[in-house]
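Structures follow.
In what follows, subunit A forms one complex with subunit B and a second complex with subunit C.
What follows is the complex of A and B.
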């Protein structure tokens, strides 16, 4: 099946969050993804890009890091991959807010873990790999 | 798009109008506004979010912060949130902690 690949590099700073969302929204629109699922994809990617910038590169002491955004699509699947060269940062090893936390009144809630939960919940598949010194966060959306 | 935040306190009701995108790069703007508001001990907090087009967890954390600082007696209203924002609140269990209205006062 024919797969199209789009690729763009972004500076690993918070000012890149909006351009990343705009890049993804443009491609998703071309593929005919509806508004709701496009928003969800942007939200999932935004949360992980934020972690890469705020934790990964910051902990690595790298100030001029980059995030590569690779978008592969065919008729069935849209795949967004974020690649970075910060220290290994596996989002699945971070504690997610449990059911109990989410049921607590807002005033009693610990803050944290929400971003990773949103990344997992807003795409059809979210996975993480570390390969050749690169973190790869992969988001899949079914187009069928 | 970025973010625009404007606030006023009228008869102990704090009203914050938020437009644009609330992500990790812009949430501090809202955080600062909320901190200013808290010092005035409002009895209700109203967030006008009709033109809030994007909200990431950084935005949710400011809402949680506001609720925690103001306490459970202070009601938090969201005026006309967009469907995707409501969905994010639902997904994270925050929907129970806010009151969604079409206009304020109701």
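What follows is the complex of A and C.
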């Protein structure tokens, strides 16, 4: 099956969040993804990109880091991969808010982990790999 | 992200426009928290907000905590379907009153 790949590099700072979302929205529109699922994909990617910028690169002491955004698509699947060279950060090792936390009154709510939870819940598949010194966060959306 | 603040009797109306992400949430927070600290009633108009991430939810949480501690009230207006989705999957939706117009909101305080 024909797969198209689009690639763009962004500076790892918070100014890049909106351009990353715009890049993804443009491609998702071309692929006919509806507004709600496009929003969800942007949200998932945005939350992880924020973590890479605010924790990954910051903890690595790297100030001029980059995030590569790679978008592969065919008729069935849209895959967005974020690659960075910050310290290994596996989002699956983070404690997520459970049902009990989410039901707590907002006064008592712990706020951590919401971003990673949103990343997982808003795409059809979310995975993480660390290979050749690179973190790779992969988001898949079914197009069929 | 643009923010404006106005008053209608004892109700503070905060109008936000644009995207509330990790970049802009801090600005929004610093622009509104002083005002929120001095009132019991907040109407937050999100009609012009196209995007909210967890950083935006954190600002909502702060407004909520601040107002709740004074037994006040927060009403949201103009919350898009996508933002409602984010609020429901995080359980935030149950704690906020959401109305469809500023008039209805003003009458609900």
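By definition in this document, the second predicted complex is superposed on the first by the 144 of 144 C-alpha atoms of A that agree within 3 Å, B and C clash if a C-alpha of one lies under 4 Å from a C-alpha of the other, contacts with A are read in each partner's own complex, and residues count from 1 in each chain.
We take it that a residue touches a chain if its C-beta (ideal position, glycine included) is under 8 Å from a C-beta of that chain, and two chains touch if they have at least 3 such contacts.
Not measured: the values here are computed from a predicted model.
Using the superposition on subunit A, tell me whether subunit B and subunit C clash or fit.
When both complexes are placed onto subunit A, subunit B and subunit C end up clashing with one another.
Between subunit B (first) and subunit C (second), which, if any, makes contact with A:79: first, second, both or neither?
Neither partner.
Is A:18 touching anything from subunit B or subunit C once the two structures are fitted on A? First, second, both or neither.
A:18 contacts both subunit B and subunit C.
Examine A:115 and indicate which partner it touches, taking first as subunit B and second as subunit C; both and neither are also allowed.
Both partners.
According to the stated criteria, A:46 is in contact with first (subunit B), second (subunit C), both, or neither; which is it?
After superposition on chain A, A:46 lies in contact with both partners, subunit B and subunit C.
Intersection of subunit A residues contacting subunit B with those contacting subunit C?
14-15, 17-18, 21, 36, 39-40, 42-43, 46-47, 50, 53-54, 102-103, 105-107, 109, 111, 114-115, 117-118, 121
Which subunit A residues qualify as touching subunit B in the complex?
By the definition above, subunit A touches subunit B via 14-15, 17-18, 21, 36, 39-40, 42-43, 46-47, 50, 53-54, 97, 101-103, 105-107, 109, 111, 114-115, 117-118, 121-122.
Of all residues in subunit B, which touch subunit A in the complex?
Of all residues in subunit B, those touching subunit A are 1-2, 21, 23-25, 54, 56-58, 60-61, 63-65, 67-68, 71-72, 83-84, 87-88, 91-94, 96-97.
Would you mind writing out the residues of subunit C in touch with subunit A in their complex?
19, 21-23, 51, 53-55, 57-58, 61, 64-65, 68-69, 81-82, 85-86, 89-92, 95
What part of subunit A is in contact with subunit C in the complex they form?
Touch residues, subunit A against subunit C: 14-15, 17-18, 21, 35-36, 39-40, 42-43, 46-47, 50, 53-54, 102-107, 109, 111, 114-115, 117-118, 121.
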